[in-house]
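Both complexes shown next keep chain A, but they swap its partner, so chain B is in the first and chain C is in the second.
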Partner chain A sequence: MRPYRAIASARFRLLLQYRAAAWAGIATQLFWGLIRTMVFEAFYRSSRAPQPMSLSETITYIWLGQALLAIVMLGVESEVRDTVRSGAVAYDLCRPVDLYSVLLIRNLAYRGATTALRAGPQLVLAACFLGLRLPPSPAALLAFGLATVMALLLASAWANLLTALLFFTVAGDGVVRLGTVLPWLLSGIVIPLPLLPDWWQAVAGWQPFAGLADLPFRLWIGHLPPAAVGQVLVFQAAWLLGFVLLGRLLLARGLRRLVVLGG
Partner chain B sequence: MADWRPLSGWRLYWRYVGQSLRAQLQYRGSVVLLAVGHFLITGGEFLAVWALLDRFGSLRGWSLAEVGVFYGLVSIAFATAEAVVRGFDVLPGLVKSGSFDRLLLRPRSVTLQVIGHELQLLRLGRWSQGVVVLAWSVAALQVDWTVGRVLLALWTVIGGACLFSGLFIAQAALSFWTTETLELINILTYGGVETAQFPLSVYRPWFRAFFTFVVPLACVSYFPGLAIVGRPHDAPTALLATAPAAGLLFLGASLLFWRHGLRHYTSTGS
Partner chain C sequence: MPQIRVEDLRKTFDIAVRQPGLWGAVRGLLHRQVRHVQALDGVSFNLATGELVGYIGPNGAGKSTTVKVLAGILVPDSGVCEVLGRVPWNQRAAHVAQIGVVFGQRSQLWWDLPVVESFELLRDIYRLAPAPYRQTCDELIGRLDLAALLDVPVRQLSLGQRMRCELAASLLHRPAILFLDEPTIGLDAVSKLAVRDFVRQLNREHGVTVILTTHDMDDIEALCSRIMVIGSGRILSDGSLAALRAKVSGERRLIVDLEIPDLAVSDPEAAVVQVDGRRVELRFDPARTPAAALIGRLAARYPIHDLFVEHPPIEELIARLYEQQR
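Right, the complex of A and B next:
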């Protein structure tokens, strides 16, 4: 376990250095959130019909999405992409560690560090000035916390799946980009999933990316009761298992056909 | 027989563009995937707009097709700007590494060399998505396509492309002082296109004022858009139709600023 912990802490400390970039990112995301809240306000003012989520719930959902955007939106770290393309991955293969776990840890640290830098200030600012409501109870907050940790793992396992695909193509940028479109569209970042048309709900609730944002966010706002956290975690864990198994399978396949040229 | 006379102006530009396209087509699969990804991202965004209008009925009185006109126009304008002035996007990197000095040594206009850096094919994704949305919207609206309307739409896209190009150029020029990319400006570029995808009347007054008088986004989307969708409006149509000129003025100002920056450029020396 020790080498993995060392890799994790080294990556984490390295990524925490990019603070100036984090502030620019925070400002950008706050602006984005502002546009989106204004648009949703306009939508809610256009209709008197009861909606699956109230306006203030939607606004909270949007701000959570901005604060935790890194979990959903980050693809594969460019350094990792380059090691596959350049063949430097051969060094990793020489080390007495499991490649899948190393990649998972790197993807996890990438998301964890970026989120850690950005989420705090955004949540505070949004809660003070921009209409983010706090969770209705400590239990809801705890449920949100647990589901968010699981979301981080799930997102990293998805990124690992994409990383494994990089072993099959040199067109890696395209794969990664397509691979970040899906979670972005389907996690609730673009549109809160409860607001999708009713006949989409069945599908929307079962696809894996709901576990990245939608389910944790609904635990925060109380749209799902804290007691539902068990179900949410099981749902996330099931998909996590699927992603890990598929990722390992793909990686093993990829490594079997991997040719690293010396030089 | 090779012609060794130095190329200049447009001929040099087209030579650059040709090189850039050939280089990108070396990785055809990657370009196609990237463009498709781009198409899906932006397309997904519009699906979300559709889903919301399906749920709420209208956006403060605007229908999906009307929103689609604004959405399509600004997407096309933005994608055009992104593809053409992409060179300014990579400029901060050149400044930081010092390789910008090499451009200065060549006996050709620096601006031309930067613009000629790359014509990005992957932007076709957003561009074509904008065209699809616009085409569907005008068909659904049953707009009467007079010559004037077509010209106005074209003129709006040109004005918009100029405005966004101006923003990208100003962002690059700032890096002469900061030697960093000022990502904060992304708020105006990417944030701008996001904003203008909806009719600007849905936003709060201070926000609208900013995007009318500071960054004249309204002039290249909302005002001419009103005339295109044929909404009743208070302002004279002639005024709405001349509004996109603000984009050209903005580009002009940015180019002056860029020149000013060029004169102040000091190499990082690395």
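Right, the complex of A and C next:
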């Protein structure tokens, strides 16, 4: 474990230095959050039909989404992309470590550090001034915490799948961009998944990206009872396993056809 | 038993070829044309412990491919490769703990971190115990003169400074074999000399086997007791510099400084290569006319101020070797 711990801690320490970027990010996300809450408020006022979530639940869901955006939206670090594109990954292959694990650690540290910097201030601001409601019980908060940690792992494993795909393309920007649109659309970050039409619900509940945002958020607001956390974790773990296996397979194949040019 | 044994190594790369133009791009979507590049076409050699071998060849000859196979990064199509009794790509983790690599055109240091943090990260990655790490690290810092650089972020280092740090980084785990892929590329004269001195010392005093790929013939001449020349995926020549010279041509150069500029110098047994003011360079074959006889004839006919005999530059030898093979 020692090499992986060292890599994680080095990345984490480095990324925590980007405080100005974090404040800019927080400002942007607050601004968008305000617009989105206003849109949903207008939508709730104009409709008499009963909704699957109350307005205040939806507003809380939106602020959670803004605060934890980094988990869903970060692609693959540009440094890792460059490593694969330029062939500097050859160095990583000359180390007595498992490349998949190293990449997973890096993706995890990237998301973890960015979220750690941005989530706290945003949650405090939103709770004090912007209508974010606290979880109904300590159990709900704990359930949310566990599911969020798992969401972080799941998102990193997805990013690792994208990283493995980089070994098959010359320039990886397209892959990474497409690979971040999917979770953005399907995690509930754009429209809370419970508000999607009925015919969508069957699919929306089973696709992996629900585990990134929707399920943890619903544990926070109490839309799912704390007792459901077991089910949520199993759901996330199952997809996590799938992503890891597929990612490892792709990476192994990618490395076999690797052409490190130059020199 | 040799430390590195390579027998009949073969590797082909399939490279997708795109037709030019828009139509070509569209056709490429439907039907990919693939070009086969034979990077290694039956490469064989043995290396003993403590050798310092220069591995040279033009771009695309298969140098880097060989190094990457030896380092366990690439899997060859066929052939035998054993390094310290292991097959690199099968026992990768155990294998890479015994080798060090420097790819001159890339960096293994973390760009944003101070040098010392990259070293400490490598210490953890190689799972080195604190005491031996401290000892190795201090020794490298002393010999490569790194003390002043340790706290500088890598991105602020000059290329020469960075290369010294790269060398140290590749040796922290005390590898038995060091692969240097163009370690002096882009360096100034002073840094080149520093790198060469260090590599020579490492090889002589610590018995580290060094495989040096380079385009810099001065590196080769200064360091290597053995030279392997590769072209189109095959070893064209393997032996000492003297053996390479004997194989390609025994030709020598006579450089004459005359008292008077622009004299038309000629001799029946030698050819003028170039004239530059008072300096005339002649090419001759010592088997046909001994140097002393040639000098005697010239001295009798022309006013000579100074002269010396030398081997043709190694670049020319290599270029001629390629021509012979074609």
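Operating definition for what follows: the second predicted complex is superposed on the first by the 262 of 263 C-alpha atoms of A that agree within 3 Å, B and C clash if a C-alpha of one lies under 4 Å from a C-alpha of the other, contacts with A are read in each partner's own complex, and residues count from 1 in each chain.
Everything that follows uses one rule, which is that a residue touches a chain if its C-beta (ideal position, glycine included) is under 8 Å from a C-beta of that chain, and two chains touch if they have at least 3 such contacts.
This one's a predicted model, so the numbers in the text were calculated from it and none came from an experiment.
> When the two structures are overlaid on chain A, which partner does A:Leu195 contact: first (chain B), second (chain C), both, or neither?
first
> Of the two partner chains, chain B (first) and chain C (second), which one does A:Ala27 touch, if any: first, second, both, or neither?
In the superposition, A:Ala27 contacts chain B only.
> Touching A:Ile35 in the superposition: chain B (first), chain C (second), both, neither?
first
> On the A-aligned overlay, A:Ile7 touches which partner chain: chain B = first, chain C = second, or both, or neither?
Once the two structures are laid over each other on A, A:Ile7 reaches chain C alone.
> Contacts for A:Asp173 in the overlay, against chain B (first) and chain C (second): which applies, first, second, both or neither?
The answer is first: A:Asp173 touches chain B but not chain C.
> Comparing chain C with chain B, which touches more residues belonging to chain A?
Counting contacted residues of chain A, the larger count belongs to B.
> By the touch definition at the top of the document, which applies to A:Phe43: first (chain B), second (chain C), both, or neither?
first
> Residues on chain A in contact with chain B in one complex and with chain C in the other?
Residues common to the chain A contacts of chain C and of chain B do not exist here, since the sets are disjoint.
> What residues on chain B touch chain A, complex-wise?
Checking each residue of chain B against chain A gives 27, 29-34, 36-38, 40-41, 44-45, 47-48, 51-52, 54-61, 182-184, 186-187, 190-191, 194-195, 198, 202-204, 207.
> What does chain A use to touch chain B in their complex?
Residues in contact with chain B: 21, 24-25, 27-28, 31-32, 34-35, 38-39, 42-47, 49, 51, 169-175, 177-178, 181, 184-185, 190-191, 195-197, 200.
> In their shared complex, at which residues does chain A touch chain C?
Answer in residue numbers: 2-3, 5-7, 10, 14, 79, 86-88, 90-91, 93-97, 256, 258-260, 262-263.
> Which of the residues in chain C end up touching chain A in this complex?
Residue list for chain C touching chain A: 13, 15, 63-64, 67-68, 71-75, 92-94, 96-97, 99, 101, 103-108, 110-113, 117, 120-121, 124-127, 181-182, 213.
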